[in-house]
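Heads up, there are several structures right after this.
You will see two complexes here that share chain A, one where it goes with chain B and one where it goes with chain C.
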Partner chain A sequence: MSLVSGPGRGGVAAGLPQELSLYMDKHVSYIQSLDRRKDEREYWLTEHLRLSGLYWGLTALHLLGHPDALPRSQVIEFVLSCLHENGGFGAAPGHDSHMLYTVSGVQILATLDAFDELEARVQGGRLKIGQLVDIAGLQDAETGTFAGDEWGERDTRFLYGAFNALSLLGLLHLINVDKAVGHIQSCANFDGGYGTSPGAESHSGQVFTCLAALTIAGRLDLVDQDKLGAWLSERQLKNGGLNGRPEKKEDVCYSWWVFSSLAMLNKQHWIDGDKLANFILQCQDPQMGGFSDRPGDMVDVFHTCFGLAGLSLLKFPGLIEVDAVYCMPRAVTKRCLSK
Partner chain B sequence: MVNYSDDPKWADITPIPQDDGGPHPLAAIAYSDEYSEAMGYLRAVMAKEEHSERVLDLTEHIIEMNPAHYTVWLYRAKTLKELNFDLKTEIEWLNPAALKHLKNYQIWHHRQTIISQLNDPAGETDFIDTMLGPDSKNYHVWSYRQWLVKQFGLWKGEEGQKELDWVDGMIGDDVRNNSAWNHRWFVVFGCGEENIRDEAIVNREMGYAKAAIHKAPQNQSPWNYLHGIIRGSKTALSSLKDFALQFASLENPDDVHSSHALDLLAMIYAQDEDTKEKARQAFDLLANKYDPVRKPYWNYRKETLVN
Partner chain C sequence: MASHGIARSAGSGVRSEAARRIELQQIETYKDLVGLVNTKVAERQYTVEVLALTTKLLTENPEYYTIWNHRRRILQKLLSDTAPDEPKFTSDQFIEQLITDDLQLTYKLLRGFPKCYWIWNHRNWILRNGEALLDAPTSRKLWLGELQLVSKMLQADNRNFHAWGYRRFVVAELQRLTQADEVPPEGPSLTESEFEYTTKMVNTNLSNFSAWHNRSKLIPRLLDERKADDTARRKLFDDELSLVCSAINTDPFDQSIWYYHQFLMSTLSPDCPRQSQIVLSHSNQDRGSYYEHEMEYIRDILEDETDCKWIYEALLTIACSYLEVSVGTNPFTTSDMHDWLEALQRLDPLRKGRWDDWRRSLNL
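Our next item is the complex of A and B:
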């Protein structure tokens, strides 16, 4: 999946009509076209994100109701080619394994209902992914948090990643959930938000990761929900978009992180949903498909995924229901989590 | 353009082309530029686990082209360790690289590893100033500063005062810089947890926040800071009533200078049975006039006022 931005721009081509609609077919063909852009330099410069790119593209297609728009067997083949001996996934074949891509790999296999194919190819594959370095081995025994790789960079994103992937695999018991929950609590700030580590500035992306992990752990009772809800709802700007921190610009991806966090707290109605939908729709390229971060910028697959996920959570007609915690189709998480 | 295949220094290495993991068109390979050649040589040296000066040159070249490639950083760090390379030299190389790639976080992690091995923060705060020049809210830079403060105890004693003066300068430059406010909290209350029970410090910080609010009454950051102190120190909300009234009052509903002040007033009025009606009025003003985007939120707050 190419992470090359463009070719289109959100919202400017020929001007969007007054009454905004969702250009579903354009988005499907936009995502399909991404794999045909290998002649572009940026395609290769973004190779270190490839597996996540595939997750974003595939999720967008599923939410659009076109799950078969990418050939299933080829996708599985590629994902498995990124799997290492140690049970972790790299971003692309030949790249070191890393937590972020391990999560993407698991999410893709879950979405395609392909854990059986994984087992057929790698005996005990599920357990291997869960047990070995890339997830369970990366938990810090002292603080309960997680590193992204053997290099040791720590961030609540990795903690969420571990919770996400392990719960989908049905292996959450492999880690010390209580300790990890304690670490999340230590990242809570005086303003009600959460940062990457204790004391780090509150940031919508980190709020999402912390809340989603607490939701998976069933520990939302530890959150000062009114205070955090207030902080989250303050992220909406006059143009309807949401930002990541006070005094920063609105952005489609932050719109997802903030709005999904509000959804986990059951406070979606605290912001103006119509205005938010309108903002996201303005970020589409109506001719060539795709979403940008804000109107006027180049489209890319990352913002296309989160734009559609946001609209789905806003119950926009025609889209498949998304799971606010996993950013995957709700039907998929239901299937995985009920096992 | 750097060329490896014609360089005698690299003659002993056969580059390893991209392995796309099997016959699947989704990952078919079609690139052949400077970057792909360098990557071919990197794969080759990684395969033979070579750690040498020329590997440092090679990783430097690749990082210049694509600093987000995490595998390259990882291999460079290993090589530095194997060679027992002079880490001061490495930091000197990192400085311009970090300035060029402001949003890259591998650079910061790399830097943190090296500075902690050197066990000496000299020059780091100056470097941070340079980094914050083009982007004073850069999350990586602020996170790195926090790490530095914690790692080297820069929040205590004389160093602590210097840190406080510095962050005061940052807030002076831009009173709306939320990252700077967060850092102030980190230095004063985050590192020294007992400070929230020190009356003199609490009063000093409340005064600091209030002065900033006077400069820009609608600025969220100092209001959040003020509320954080009030909650942490268990100060009575009502003690802030006169302060809030300077920016908003129900007597002059058309002349409100801060929705945050109105919110604070509502909280104070909500505490007392006799003034609950006033709290309701304040929430109505917020919902209908001063912050209508969040109307449902203010209505929720109004509903929680139990009679």
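Our next item is the complex of A and C:
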């Protein structure tokens, strides 16, 4: 069970629907169809994204209220086939382990409530994922930040990944949280935002990772909330869509990075939610299902997940509640974090 | 990562049977190459030939991160071989050749995939690893070449944040190398030339916030390096203010410029951290007169541009800062603040909730 992550084929260059509604059934069948595209080159060229693709697809289905639309046992089977001896997950069988896919692997297992299956199949599996190379071993002892893998690329994305996966596994104590929090603070800029590393420009994706990590650590007191909220609110453009940085174009995935950040700061009302919902709905493919970055573009499972997550956070009728910090169903994170 | 900006019509329609057959053939060829590389690497055949196979595969799919890892496994082996089986090279030449080959490959790929994390990361890796094996002048030459590469990338897309991040990294590496050298470098320091670079970039395009941002990080360092005294610091601060004020006058609707103005104003605050400060010795009197001066300038622009919300936001923000240091008689009234907030609510309904919250917190 694995889903293609690349752009969709078959979307018709149709005009936008007259009345903007959410094509729930179309999105379910679009995601289901992603496993059946092995005769397309794109399926093979995006194998390096497979496990994240599965997380995006599964999360979207859960938010759509169709948690069983993908066969659970086959999903678990595929996820575990990506697990390495070192405790990390690769994007697909035969792909090296990396923080990005380790987080996706843990998120999928958490969503499916499958940590017990993990333990049954891999003895001490949870601790192994947490303890070995891929998460706790990747923290930079000097700066507190995290590498993505043994080859050393460092970025606040990986720091958030570690916080996300370890907190779901109940193993946050394995890392030096204070040191990591200090590193996040050193990435803060005058505009209240955060970059990939100290000195880097504020970027909505990075703001999400830093804010979510601080939320998990219970340290939102360190954030200049009014300044950051103001900066985030200025990401909304006239058409309702959100961009990632000043003077850039809007994109559905920022409906998630920006709006979830505003939610963590309790400032959702600092932008126009109706206009944002309207923009996201315009990015649907009304015939084939799925969401694209902007109206009329090719759809893919990445934008489908973040479009739906944005709508869920906007409390769009019919969708299951999403957790702003984890981008997973709220019921799932409640279950994991209460353990 | 995902498809950005590809029109839906581009992929529409059903494939003809012939097109489908061609695509299936392409898939087979691609999968064969993947299989071959994975087999050879599993057999630890870390050779120049297998390196060439990874080149071929990465050229087809530069997002395939595991193949970059394989490439590094092969390179680690080849770089540590003291007696290469390539007789035409000496060992040093062989190492330099391997490194420059990878720089060329990644450059070629970056032009097609300028936002691919894995390519930038590999470039960084090859240079860091090369540095340990090459003599100091050679590796310095390579790092200097990186500045030219980044400039080319930023010419193609002046907001590419990978390129800006890499640029800061390269500068830090070069500065580290310089510090390690016994001989002081000739010519101006890199902080100076980087500052000049941001001047060039903002002069080309005022809305390049990436350049403004970098400038905000460079200035405090520049002044420390120059060991600037109070007069020099004040001069630079005033120059920056007049640069950004004339930019505001040119295009008051551009948020990049306003953010830089906010940065300059934020350095006046008593809470500004040392590493971001420009002038180190502001008294509240100074602050007050800067705030007054800025308000006067911005109010002048208001006469021609009554519909620009950034003007009202700036006036209100500066008014709040002014009240915090509270010196002398306010150059504005509560009724002015009330009017500015009204204007924000009228001109910018998208952020209505934010203006409402602000009104409440100011008791207006």
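Going forward, the second predicted complex is superposed on the first by the 323 of 339 C-alpha atoms of A that agree within 3 Å, B and C clash if a C-alpha of one lies under 4 Å from a C-alpha of the other, contacts with A are read in each partner's own complex, and residues count from 1 in each chain.
Operating definition for what follows: a contact is a pair of C-beta atoms (placed from the backbone, for glycine too) under 8 Å apart; a residue touches a chain by one contact, two chains touch by 3 or more.
The structure displayed is predicted, hence computed values, not measured ones.
Partners chain B and chain C clash in the overlay (superposition on chain A). Judged by the touch definition given at the top, the superposed model places A:A200 against both chain B and chain C. Touch criterion met: A:S5 reaches chain C, while chain B stays clear of it. Touch criterion not met for A:L313: it reaches neither chain B nor chain C.
Contact with chain C, but none with chain B, is seen for A:H303 once the two complexes are overlaid on the shared chain.
When the two complexes are overlaid on their common chain A, residue A:D293 makes contact with chain C while staying clear of chain B. Touch criterion met: A:Q74 reaches chain B, while chain C stays clear of it. In the superposed pair of complexes, A:M328 makes contact with neither chain B nor chain C. By the touch criterion defined above, A:L109 reaches neither chain B nor chain C. In the superposition on chain A, contact is made by A:D272 with both chain B and chain C. Touching of chain A by both chain B and chain C, each in its own complex, is seen for residues 39, 41, 44-49, 90, 94-96, 98, 149, 151, 153, 189-191, 195-197, 199-203, 229-230, 233-234, 236, 238, 245-248, 267, 269-272, 275.
Put simply, chain C touches chain A in their complex at residues 1-14, 20, 23-24, 26-27, 30-31, 38, 60-61, 63-66, 68-69, 72, 117, 121, 124-125, 159, 161, 164-165, 168, 207, 209-210, 213-214, 216-217, 254-256, 259, 262-263, 266, 276, 349-354, 357. Residues of chain A that touch chain B in their complex: 1, 35, 38-39, 41, 43-50, 70-71, 74-75, 77-78, 81-82, 90, 92-96, 98, 149, 151, 153, 189-191, 195-203, 229-230, 233-234, 236-238, 245-248, 267, 269-272, 275. Listed in rising order, the residues of chain A touching chain C in the complex are 5-13, 39-41, 44-49, 90-91, 94-96, 98, 149, 151-153, 189-191, 195-197, 199-203, 229-230, 233-234, 236, 238, 245-248, 251, 253, 267, 269-272, 275, 285, 292-294, 296-303. Note for the complex: chain B touches chain A at residues 18-22, 24-31, 33, 35-36, 43, 65-66, 68-71, 73-74, 77, 105, 109, 113, 137, 139, 142-143, 146, 150, 176-179, 182-183, 185-186, 189-191, 220-221, 224-225, 227-229, 231-232, 293-297, 300.
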